[in-house]
Amino acid sequence: MLDLNSVSKNFSGLAALTDVSFDVKNSVIKGIIGPNGAGKTTLFNIITGVFPPSKGTINFDGNDISHKRSDEIAKLGVSRTFQQTYLFKTLTVLENVMLGRHYRTRSEFFACGLRLPGARREEKLIREQAMECLDMIGLAGKKDRIANKLPMGEQRYLEVARALATEPRLLILDEPTAGLNEFERDDFLNLVFKIRDMGITILVVEHHMKFIMKVCSELVVLNFGEKIAEGTPDEIQNSPKVIEAYLGVEEDIDY
Amino acid sequence: MLTDVIQAIFAALPVGCIYALVALGVALIYNATNIINFAQGEFVMLGGMSMVTLYGEMHVPIYLSIFASVAIATIIGMALMKVAYRPGKNTSLIIVLIITIGASLFISGSAMHIWDADIHRFPAFSGEKPIVFLGAAIVPQSLWVIGLTFLLVISLVCYFQFTIHGKAMKACALDRTAAGLLGIKVKRMVLISFAMSSALGALAGIIMTPLTMIDYSGGMLLAIKGFSAAMLGGMGSFVGAVIGGFVFSFLESFTATFVSGSFKELVTFIVIINVLLFMPNGIMGPRSKEGLEEEEVLGE
Amino acid sequence: MALLALPFILGDGYYLSVMNFIAFYAIVAIGLCLLTGYGGQLSMSHAAFFGIGAYTSAILSTRFGLNPLISIFIAQIVSATAALSIGSVVLRLKGHYLAIATLSFTIIVEILIIETAWLTGGLQGLSLIPYISFGDFIIDSDWRLYFIVWPITMLIMLFSLNLVDSRMGRIFRATKESEDIVRLFGANVKIYKIKLFVLSSVFASLSGSFYAHFVNFISPTAGSLMFAIDIIMVLAFGGFTILWGALLGAASLTFLNEYLTVFADFKRTIYGLSLILIMLFCPNGLLEGLKDSLSRLISVKNAGGD
Amino acid sequence: MIIKIKDLDVFYKNIHALKKVSVSIENGKIIGLVGGNGAGKSTMIKSITGLVPIKNGKIFFNDRDITRLDSASIARLGISTVPEGRRLFAPMTVQDNMNLGAYLRFKNEKKKDIEKDIKKIFELFPRLMERKNQTAGTLSGGEQQMLAIARALMAKPKAILMDEPSTGLAPLIAKEIFKVIKSLKNRGYTILLIEQSARMALKISDYAYVLESGKIVLKGKASDLLKDESVQKAYLGV
């Protein structure tokens, strides 16, 4: 479904990603791990069209999306959450999720301002669908709160709800459990499985290893912007190359 | 024709110097704080007006008058910093911008009460008799303006290039956090840059008043032109700011000479919009770093 | 309802005319509030669009003898076209840069108005602009104008309130926080920004047209830098993110202006000082500032009572 | 104990990043602080240097409470930082960066002495000596890291905090950096070394802490931790 073909990215001469290729199959949960600065977020930003790759192509459902704008990619069915949760702080909890419905609706400027019947009907529908999403993550009771005043755990959930509201086919989670405690993390695990069972493919970057080993069926490991391993969690945990990337080389330091 | 060209150049040179000094002042504050100071032109006015009173009317010795006029502007500049610079207080750009607009109105409005709404000048430093060159005339005050601006720019460049204090100030502009980690008191540096920038403005006002005359208003236009000149030059570069100032003054002078005096400002502001759109890094600034800004928003 | 009753209380006099001036300011301010407060685009070109609206309409009806209603309509089309072409270029800029670019536009318009005296009357201004009339019914008194301009203000307010609380409004409010993120939710931010800019500029221009046809005289101050600052003042008083604040801001500024005519010399100083003080102590506008200090007062009292 | 951190509680960007963390740094030693991504390592340095507000807990420097000081005042006490991402002044020359490292010394010392010092430190980093008139932005990653360390040394610090000096460097170059850090210890410097690359860091540290999700999960002599299987577990979640 998602197919990366030797994707590279340079920032003013510095290579952030070199020749990364992998694919993600329908309805799986795939993880991307790697030490700090390995290029994981850069990869996400390229997939979602924040900036284009310097080289290589990305295919999503048979469409080449490597040079599309991020709003076009979103319309194809790619949605994401952010490392530092990014909720709109002037919008309420419900409004944040309603924003997720934006490109699934079409009332224009004047229809909205004049509150024409069509726009009114659509607005009602948006509200209902957003409430469904909130119900699913259990935040319906807090719908009128200001989004970024929620505790961290609930903000993570809200981001997921907002992403789900777009009816994505691919959901990208960027460090979804940062700032969650252990109970919340287990809860979140179940939510991720639930989302996969809805038929949504998931791509996740996460530092918390216990979580990622449990949640993913396949992993890609990046280091210095290069793919150094790909496989099941078991294979990854026992790969000497991966251990080296994380813990450093086993070598004496002479001086 | 040739005489016209030379006359236009003679007219453009001192005005360019003034624009350059204002641009330097704007750039100093912008680099240190990211504030566009709409009140920068008011320092020019304050310097000139204080000089009118002290030197022109009270006949205080010239050096003492200059010193006092610069001091007045500097103190007000430092007060402005206390009001406008509020790091960590979650102040949005628009609030700071409006504060400096407010400061500009307040200072110019007060100046109208302290002095009046008339146009003033005081006698030139060394006589009014024009020097004729290839049929075009230049007054001695213009030479003073050019010479003193040259000196000011040189000493500014030296300060930033050769003293540790100047380098520390540059460091604050480049990376506030890193500067703080080296023990540099960033807030004090910001205060000093406000002081320096208001002093520069005041000096510009002092040297230009015998030439162009001065009244309480007009500071804000000067500030906008100064900002645009600094932008055209590339915000970080002093040489660039000076060049930017001259580009605008030549543009205005030549439009006034060869097209029409009333359209000179029109040309300036059309150029300003185009500079903003097409040369956001200016002529001396760094080349644009593709993608880096976005990296900061969504980065690792 | 209160607004409907007000003219009967005030009578056809000085205060009614003040009320009408409040409406002129309010319409511009509502537009700018949408653009800056909700859309996050710091624009200083609204004075220019007020000027364009006023002058186009005035010129069409004085020099070409068009019916004011038609010239007002054409003026809005002219303004919308101008806003579209300016907006699609300058809205690429952000923050300070956008502010300076739009301010430059205002200055350019001001110079053009002054320098094309054959058309605009230059510094002398344009006088003898006809009143708006519907057949024999001529809008030539404060009383009559009130019942035209305030319903329009209220309609614009209603439209804006609806807009803000819709799928479009949510996108604008989110755009103010981060364009990049909004784009990730499938919104073509660039086009939305331009649309909002055009709408908001047309509001300003509409107010300008009404102003011209009611005061019957227009001078370059209508499109000037000082007027741009006036409008910023209205928003500063009312709060950038509260649509209703635009009314309060317009009222405060109009009254301030009226009282300051006695001390006209102090206008700049007082403007400057109040801008600084408001931005320092209640950056969300007087309304929010009052609410904040009131709630603080109450909470202090409650804490004392416990 | 030159630096003593007691029960530190820090929230960073809404996340409870450090939970009751206590760390002691002994004079003349390298103290290692290792852990995976997002364990709270960088927050640790940011809280010591006054860059993030501290909720609870105290930090002492030579028995003086420095918990609420700003970063410039902390630097003035003699704590130098090699910050995350190096944070060099890229358009300035290597020499100027070094000079700025010694900024606080210009008041009381002669320019000559400082220049002598620069020469001395260049002996440690001969590559920098060759490039002293180049701007910092043109250096390679490894050279930039060396310059960041050299700049910190110019302040004649009583303690140095290093935030992930090996990040983004190829293994061979990282090794070189670690060599330098070890040699600094032999010159009597006190260092708090924050690292992701646990093996290398543990090898040159005297004492070390392992951080996971904002908590210290292991501590002990670095040589013991190096053999401890549970370090790897903390990293890879086995």
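When the chains are written out, they are named A, B, C and D in that same order, and each has its own residue count from 1.
Here is the rule we go by: a contact is a pair of C-beta atoms (placed from the backbone, for glycine too) under 8 Å apart; a residue touches a chain by one contact, two chains touch by 3 or more.
Please read these numbers as outputs of a predicted model, since none were measured by experiment.
Asker: When the contacting C-beta pairs are counted for A-D and for B-D, which pair yields the higher total?
Answerer: So, comparing the two chain pairs, more contacts are at A-D.
Asker: Which one of the chains is farthest from subunit D, going by Cα centres?
Answerer: Of all chains, C has its centre farthest from that of subunit D.
Asker: Per the centroid of Cα atoms for each chain, what is the distance between subunit A and subunit D, given in Å?
Answerer: 33
Asker: Taking each chain's centre as the mean of its CA atoms, how far is subunit A from subunit B in angstrom?
Answerer: Computed value for the inter-centroid distance: 48 Å.
Asker: Could you grab the centroid distance between subunit C and subunit D? Build each centroid from C-alpha atoms only and quote it in angstrom.
Answerer: 55
Asker: Please compute the C-alpha centroid of subunit B, do the same for subunit D, then give the distance between them in whole Å.
Answerer: Chain centres of subunit B and subunit D, defined by C-alpha means, are spaced 41 Å apart.
Asker: At least two other chains touched by the same residue of subunit D: list those residues.
Answerer: None at all.
Asker: Find every residue in subunit C that makes contact with two or more other chains and list them.
Answerer: 178, 180
Asker: Out of subunit A, which residues touch more than one other chain, so two or more?
Answerer: If we look for residues of subunit A contacting two or more partner chains, we find 36-37, 50, 82.
Asker: Going by the contact rule set out above, which residues of subunit B touch subunit D in the complex?
Answerer: Result: residues 164, 167-168, 170-171, 174-175, 177-186, 236, 286 of subunit B touch subunit D.
Asker: Please output the residues of subunit D touching subunit B within their complex, sorted ascending.
Answerer: 49, 51, 70-72, 75-76, 80-81, 83, 87-92, 96, 99-101, 103-104, 106, 151, 155
Asker: For a test of understanding, state which residues of subunit C touch subunit B in their complex under the given definition.
Answerer: 36, 42, 89-90, 92-93, 95-97, 99-101, 103-105, 107-108, 111-112, 114-115, 178, 180, 225, 229, 232, 236, 240, 265-276, 279-280, 283
Asker: Please output the residues of subunit C touching subunit A within their complex, sorted ascending.
Answerer: Those in contact with subunit A are residues 159-160, 162-163, 166-171, 173-174, 176-178, 180-181, 183-189, 195, 199, 241.
Asker: Can you tell me which positions in subunit A touch subunit C when the two form their complex?
Answerer: Listed in rising order, the residues are 48-50, 69-71, 74-75, 79-80, 82, 86, 88-91, 95, 98-103, 105, 107-109, 112-115, 119, 122-123, 126, 162, 166.
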